[in-house]
Amino acid sequence: MKRIKKSGYTLLMNTIIFILGFPLIVLVIWSFTKRWPWPCMFPKAFGIRSFQYMISPGSNTLQVLIGSIWLSIVVTLITLLISIPAARALGIYHFKGKKLFKMAILAPIIVPPVATGMGIHVAFIKMGLVNTFMGVVLVHLIPCLPYGVRILTNTFEITGKSMEMQAKVLGASGLQAFFYITLPLIAPGLMAASSLVFIVSFSQYFLTFLIGGGNVITFSMMMFPYIQSGDRMMASAYSLVFVLTIFVLLIVMEKIVKRYYKTHNHFYI
Amino acid sequence: MRTRYKPYILLIPVTIVLLGIFLSGISIGLLQSLGYFPAVGLRQMTLKYYKEILADPGFLASLRFSLYTAFISSVLAVIMGVLLAYSILQSKQKKGIEELVYKLPIIVPHTVAVILVYNIFSQSGLLSRFLFHLGFINEPTQFASVLFNRNGFGIIFAYLWKEIPFVAMIVYTVLGNMNDKLSETALNLGASQKQVFWHVQLPLIMPSIVSAFIIIFAFSFGAFEVPFLLGPTYPQALPVKAYIEYTQPDLLNRPYAMAINMVLIFMVIVFIGICHKIFRIFYQYDGSKE
Amino acid sequence: MFEIEIKHVLKSFDNKKVLKDINFSVKEGEMITLLGPSGCGKSTTLKIIAGLLMPEQGDVLFNGRSVLNIPVAKRGAVIVFQEYLLFPHMTVEDNIGFGLKMAKMPKNKRAERVKKMLQLVQLEACSKKLPDELSGGQKQRVAIARALAIEPQVLLLDEPFSNLDIRLRETMRSFICELQKKLKITTILVTHDKEEALMVSDRIAVMLDGEIAQYSVPMELYETPISPRVADFLGEKNYICGNIDNGVFYCCFGKYKVHTNKQEEVKAMIKPEDVEMMPLDHKRAIQGRVKQKRYTGDRMHYIIISKEMEIKCITTLKSVFEIGEEVSLDILWDKVVFYQKNK
């Protein structure tokens, strides 16, 4: 009886996973397709035309990809610089208004970006930030900050103040304690936060497009017309590159941080 | 003395960004929606734009459409997500699947989810081909259109694809971290496996479920990309409608766009309020005191 | 000459008074213990001495000079915390050398000192290990070595043994005691374990509810607690009420000649181990019946009913009595402490 139940769960799990995973397989097949007319269930011919187009100099795809990565790296760094002190305040200290701050910082996740974006657009026009790299970076901070602050707040809550206190008792100054003790201790959280913030920024379409005004073009924007026009082959290929880029960057980031700190997250209970 | 002000000092940068960009964006939108728009000579504060859009059947259809797609997709995503999380927890071979569920919703953006749905459900998509081979249809146009339709199925499917793993990830983490001893204690006190789920585990994961529900509802209600790419021409989802009003060459349309935006924000806030009220009625435990 | 003095220290958290007028001093090379139940304010006191917390009022003096304006890093009072707080991303060596590195001591000098410390705590073999690879006792020794490496003026130990199992606790206790005697470093230990305090301290300050209830050498503390509260904290006691007149104590069990200058109505505190049990003997003044007995390995704990009073008695296992058995009791009156009744 119990075994039947268990296998029932396994079946349910596999079904849902299949429903979620199958479209991904179709996506990969489409991006390597040359010809796949209706009503064939399988492509008539495979090819790499879409990828050839991407690396051809005329398509600008590589420049845009690199530009996009650069933009998101800048956004990530600024987000971290702002999030670390805020998360430290929220994670370690007790003070009046803490709940209010926590809620206010999460607000951008709940409030539709369309609604904030248009007002920001109006403001940025006045400040001359529209159609500029800086403007796009600034507007990306809005969806990114909640994630950065949230993850790092959890990290600081776990790390606590005691290690830093111990360092100070042993004669470390505030700065020394931060760089020698706190920073290495929050490294795993920092890594998680920067990965997620990078992805959020890299995936932005609407805000980039609104504030960048076609002047700042990201990879998200580049693949949008293909999806809009229903060009399955190109849209799938661009999507594949998009997802792989994030995947590779995630892995690289994980490797770099691990090597740098020579730790294995072992202090995370 | 110094430590008393320290947290506030640390919060200055984030406050500047939030006030300077986020809140000022909303405030400008609010002012314009109330008709204060000096650039085009509008200075008189008025509720005229709100009255007009609320009387406009097109707007009301959009509002209904947005609420409908967001609500249906969020409810289904929560149910399927909880089922997925629970079944992963119960089943034996879960290596890799955990990883997949954790990474999937993070690395695949909504725009990509759209192409996934498109590949399967468009008129020349895989499903229509499959139905052809089964003999149900003879040509693509006979395939009942799922995308770009007023039934919003395409939009709902795209959101479901993104949000089921998202909910599952949150619930799975909470369920996995939950002290096994609680379930064991309940079993020991004579509860059946089913009772343990309904009376012990579910109430404990409820706060996470509610917050996941709020997040995905707010997101799908306010997002632009998915309904823009998969929605019908009428009714448009609210964010799409706001954007189209906003990009009208006639600047006098701006206040309408901003009024729609403010309704979007207002609806989200009302929705969160309702969720909290309902949640309070059924559950005293809110998970915040852990 | 190094002395610590705590004067009229007050501290409250969220309007709750945690420390109410704390006063005590520690002499050079002395090892004193702050003993009290959890939440009595002993750890707070320690943090104030180290400079991690500021007192609201009062002063902390090292060698007669106030140190309140000296920041933590420069104060020279090191705490070893209950959780050891070894930096998980540093090797044992780096952990021990941390304070020296912060003080910018040259590398070769630092290595030398670290080596000496490793020898002192007998951990030469573990120098390259990460804290995670150490046992509880080893972790603690690293924490001690790390604290001692910077040659602090005061060593503050916050419940250092409570995370160790009983046998290891014993070993570490004597290890640290010996080390302390050898280095003659002024030490303040915080614990809730009375046996530990009695064993290791030169003097003990019993803290109850944010106040120092008694500050004396272990023997004096245990034998003559200053109040019933202190007495009860150190273990279960018997109390008999009565009157004293001209050096004679009158109570329901008769009259006894005693040495005390207390007068009139008093409460006599009798430690259970100062009650002797013997087979029924009608010549004795106190008779009773065994109500309960508990075996603890080396001792037997009895409760005897006599004149409708419960008298607790702890004896060795030389003679054992059964429940319900009639027995006679003797009280060692010269060990009894008298308190004024209203106390």
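Some points to look at:
Labels for the chains are A, B and C, by order of writing; each one numbers its residues from 1.
Definition applied: a contact is a pair of C-beta atoms (placed from the backbone, for glycine too) under 8 Å apart; a residue touches a chain by one contact, two chains touch by 3 or more.
All figures in this text were calculated on a predicted structure; none of them were measured in a lab.
Comparing per-chain C-alpha centres with the mean over every protein C-alpha atom, the closest match is chain A.
When every pair of chains is scored by its C-beta contact pairs, the maximum goes to A-B.
Relative to chain C, the most remote chain by averaged C-alpha coordinates is B.
The geometric centre of chain B is 58 Å away from that of chain C, both derived from CA atoms. For the pair chain A and chain B, the distance between C-alpha centroids works out to 18 Å.
If you average the CA atoms of chain A and of chain C, the two centres end up 54 Å from each other.
Chain contact summary for the complex, chain B toward chain A: residues 3-4, 6-8, 10-14, 17-18, 21-22, 24-30, 32, 80, 83-84, 86-88, 90-94, 97, 100-101, 103-104, 106-112, 114-120, 122, 124, 126, 128-130, 132-133, 140, 161, 164-165, 193, 214-215, 218-219, 221-225, 229, 239, 242-243, 246, 257-258, 261-262, 264-265, 268, 272.
If you check the complex, the residues on chain A that touch chain C are 162-163, 165-173, 176, 180-181, 184-185, 261-263, 266-267.
Those residues of chain A whose C-beta lies close enough to touch chain B in the complex are 5-6, 9-10, 12-13, 16-17, 20-24, 26-27, 30, 38-41, 81-83, 85-86, 88-90, 93, 95, 98, 101, 104-105, 107-123, 138-139, 141-142, 145, 149, 196, 199, 203, 205-206, 220, 223-224, 227-228, 230, 232, 235-236, 239, 242-243, 246-247, 250. By the touch criterion given at the top, residues 50-52, 72-74, 77-79, 81, 83, 85, 87-89, 98-99, 101-103, 130, 132, 146-147, 150 of chain C touch chain A in their complex.
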